[in-house]
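The structures considered in this document are given below.
Look for subunit A in each of the two complexes below; its partner is subunit B in the first and subunit C in the second.
The block that comes next holds the complex of A and B.
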């Protein structure tokens, strides 16, 4: 190959990928933004207006939007916080000096990640329903006398079922991130601290935590962004009010009233802005790490 | 049974407290396995029961009926075939398109590289629901809504970034010298690809294929928005079952849905350990 041919070959190799992403994803963004501004040539609307945003943020749709925003922030915030704490514990337990993480344990972490979210959500639904397995065990132990006495843990208005789902599902994801950091640089520092007489808890607090915190924080922000915009799990484990933003957006979007489409799209644009902001912060943290 | 006594084991750090932390560690490990086995066990219990009513802690009688019924149902079989076909096509396309792109981005430094990289990874960032809504009208215009091709293309948009990320990890550490040696020794490009590049990049390619498969397999929202209820994959059936079916049916469907990803993971576990990143189902 001549020197002259190299740039052409390069872009030729990139072309299919750029075509798929650029064309499909790019037009999706353009069409999506256009629709949120009321651009719906299908029904003869070709002018750009801010009606949908005004309605979502302050008008009639606002009555549903703000509680949904609060609900989504609460669910993703609580899930992220608890999953990060749990991941830290699991990773520290698995990276222990005397019994390092074995293949089986790494496989278990990955297997949990490979299971689709819907499988987990369905299992949780059956397990924690008021007549589910946990309620039956509680009844057998004499803690409750009937299904109605069992607390509402899934399809509850505080999103407890959704939070529980994501805590269980995201602990392995974050634990693998922490384990990767510990594997590459954990042992030496830990041994130095031990030689200098630091106790087990002291080493965890003063050595392990500062070491893994940047990576864990970046991973946690990604989890937050993912949970914030997810649809399936809040749709399966949530209630009608308050709904998660993604559930609200899709409901509006699929509404037979075409005017609602713009509002659904506007909500998803707001969601995108939140997620991009969070992911940008994660990236900045990763750079620092 | 001779034990090497270094004196290190007798250091005062091994006290009662470290004993209690051993218990905590064991409990955490048990919890970890429960996270994986728990859901499968619950689903198996519900799918293997018949007439299991409230106060009974374990089913009074066991049966394979719910699973056998699902496996015999034409609807489920069709959905299983659709899911496998779509995910298989997405995996193949993601590798075919992602491999040359990741190779170029990993090995070369050129003007526009960061921009291309950003563009290729961007679909990872934007909520899928926004992507799906945006493509909904476009695909209606193009006649791609409501058929498998449209669903494959929209899955590809969200699977491609994962495949490229996994492959980038390989090509960032790839030594082109081996290829040049083979070329110098007279091998043609096809032989170089088959005998040099595939073995070197193999684990990364396998991991990329796993990612792409998993992303497509678990997809619900994009299939709904583009398939318009006419392309019925397993998640669509499962979703419908949850809002109306009985627990045994739901559990049987969920189990059938869970098996292929676990099989795929078991088949690729070797490459996953050898190589690169953990399975990242999101980002």
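The block that comes next holds the complex of A and C.
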């Protein structure tokens, strides 16, 4: 073959996948962008305008948009930070022992991945609501006298329930990433450091952490992007105000006034931009690693 | 070797394109557990369907399947629909009922809207149980079959002069939809927890009650899809402004005059609400859950059979009872509509007509049948003596869990003009939920 043949063949082989992704994602992206600019042939609007963005960023919808943006950033930031820290502890604890992580532990980590977010969220709701199982047990034991005395852990104003959900769900995910890194790196560095007289803490800080950090950071950014744009968990475990961006966007989209779809799509576009930025950062970090 | 590889890639591409072409239809079906294949009628066998010649409509409908999209969240309602309408359609008209359950009526609306965008005609939906904002959406998108509902035979049993019938959340019905049943805003309490004499009978008394029992009351957050909450607020507006009728035509000045008192009332109530008004249940089911769990002492219902259907479903304790304030309990009707691109329009009309049959109207109100909503027809317009008696009798058999008929009638008011819906909902979010005082 000529030297031009190889790239052509590669593109040709990639074409089916690119075609499907491009068609499905590309169409909806273009369509969503169009709607955010007020292109709504459904109700006879075919001109492109920036009204929806103006309304979302500075108009009447802005009063809900900015708190929602802050809420989404807070929830996804806190979830990611806590999950990453927790994952690091779990992974180090598991890999630190003489015997490598065994079936049961790995199964516990993996099983969690198969559990849908909705199931987790509903389970949390049933357990931790003021009339949930834990509150009932507490009441039966005489610790509290009524539902309202039980602390508000889900459907709370600060998104604690949502954060709790994602921390529980993402620790195993990130722990698996960290474990994979630790396993491929082996114990050589660690042993060398030990023979040179480094203590346990020193080895964790100077050897383990730098080794896993790029992988963990990339994984954490994925978690951040995921949580930031997630809908079902904030919808189930959140309050009426402030709402997560995805919840707010869908609310606008489902508004009986079809003209409000533009605002919903404008919010979605802003969310997409944030997520794309995060994904770009994640990729750059991965490259560095 | 080379050619074979190219062929293989070519075939893969072809398969992908075919799959991609299939995608729009694959992502379309109704959001139900088992999307039934909608039966599409052969490209209009009867080109000139004369809708004023009812026999010809019935003849055209024979053998059709009617795809009825309706909220499927209540098992007892689903059973009622299958048993009463499904059987009657098959036996009387040889029409098959395909009940398509949707989680929220807005799903059916979006189905029709995406069909419009995709240019799909005939579509998949023949009839939708609809009212309020969803009706407005489809009307706005010009996707409803016009001028049919007053021309079906049983339309003569409907009192079309009643503004509660010819306006749907203030939006003129104009022949786009046909009524199915009626409902009225009511509250539910647990007779095992409190006596009848302790019940608040006005918004003013409710505030006093809540102040004395902090954390034991809440209402559904008003907003699209949660009209019960909006209705609760409107009732307060009516009481504070001293009348419901003045709100029937839209008048901005009237709103500007009375809305500050409304927000003041609700903000005064707020600290005594469940969770101190920090959050509110998002729909009826969530409030029923709070009520059944003993977190709050009142729930809200629209059913004429009161708490009866909830008790049947196990969502409320046996001792639950419905009651009303002395005034300003909003009542209205709900409807069925036919999309413009419905594949079986004749069968859809026959079903809409069947819903208004007096004997089925008498059946729908009884709590043991699981539906429990009121009549859409005006009983005085029924000429058949036996049917009139049956309708009158059914109203006396609503059981202890229902609000007494006299109380319902005494407190009944109509809804306000449609423009107030958004003002109430947006205003509530800004002034009460987010809580910026003006």
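Heads up, the rule we're going with is that the second predicted complex is superposed on the first by the 263 of 289 C-alpha atoms of A that agree within 3 Å, B and C clash if a C-alpha of one lies under 4 Å from a C-alpha of the other, contacts with A are read in each partner's own complex, and residues count from 1 in each chain.
Quick note on the criterion: a contact is a pair of C-beta atoms (placed from the backbone, for glycine too) under 8 Å apart; a residue touches a chain by one contact, two chains touch by 3 or more.
Everything quoted here is computed from the prediction, not taken from an experiment.
Enquirer: In this superposed model, does subunit C or subunit B come into contact with more residues of subunit A?
Expert: Per-residue touch count on subunit A favours B.
Enquirer: Have a look at where A:240 lands relative to subunit B and subunit C in the superposition and call it first, second, both or neither.
Expert: second
Enquirer: Go through the superposed model and pick first if A:147 touches only subunit B, second if only subunit C, both, or neither.
Expert: In the superposed model, A:147 contacts both subunit B and subunit C.
Enquirer: Which partner does A:199 contact after superposing on A: first (subunit B), second (subunit C), both, neither?
Expert: It touches subunit B, and subunit C stays clear.
Enquirer: Just subunit B (first), just subunit C (second), both, or neither: which does A:213 touch?
Expert: neither
Enquirer: By the touch definition at the top of the document, which applies to A:63: first (subunit B), second (subunit C), both, or neither?
Expert: Second partner only, subunit C.
Enquirer: Could you look at A:24 and tell me whether it touches subunit B, subunit C, both or neither (first, second, both, neither)?
Expert: A:24 sits against subunit B and subunit C alike.
Enquirer: Touch check for A:82: first (subunit B), second (subunit C), both, or neither?
Expert: After superposing on A, A:82 lies clear of both subunit B and subunit C.
Enquirer: Return first, second, both or neither, reflecting whether A:257 touches subunit B, subunit C, both chains, or no partner chain.
Expert: In the superposition, A:257 touches subunit C alone.
Enquirer: For A:16, using the defined touch cut-off, is the partner it touches subunit B, subunit C, both, or neither? Pick first, second, both or neither.
Expert: both
Enquirer: Indicate the residue numbers of subunit A shared between its subunit B interface and its subunit C interface, in ascending order.
Expert: 13, 16, 20, 24, 42, 131, 147
Enquirer: Along subunit B, where are the residues that touch subunit A in the complex?
Expert: 11, 13, 17-18, 21, 24-25, 28-29, 31-33, 35-36, 38-40, 42-43, 45-46, 54-57, 96-98, 100-101, 103-105, 108, 110, 116, 119-120, 122-123, 125-138, 153-154, 156-157, 160-161, 164, 210, 214, 217-218, 220-221, 225, 235, 238-239, 242, 247, 250-251, 254, 257-258, 261-262, 264-265, 269, 272-273, 277-283
Enquirer: In their complex, what parts of subunit A are in touch with subunit B?
Expert: Within the complex, subunit A contacts subunit B at residues 7, 10, 13-14, 16-18, 20-22, 24-25, 27-33, 35, 42, 89-90, 93-94, 96, 99, 103, 105-120, 122-127, 131, 133, 135-137, 139-140, 147, 168, 171-173, 176-177, 180, 194, 199-201, 222-223, 225-226, 229, 231-232, 235-236, 246, 249-250, 253, 264-265, 268-269, 271-272, 275-276, 279.
Enquirer: Could you list, by residue number, the parts of subunit C that touch subunit A in their complex?
Expert: Answer in residue numbers: 9, 12-13, 16-17, 19-20, 23, 106, 113, 116-117, 132-134, 136-137, 140-141, 215, 221, 223-225, 274-275, 278-280, 282, 289-290, 293-295, 422, 426, 429-430, 433-434.
Enquirer: Where on subunit A is subunit C touching in the complex?
Expert: 12-13, 15-16, 19-20, 23-24, 41-43, 60, 63-64, 130-131, 147-148, 152, 155-157, 239-241, 251, 254-258
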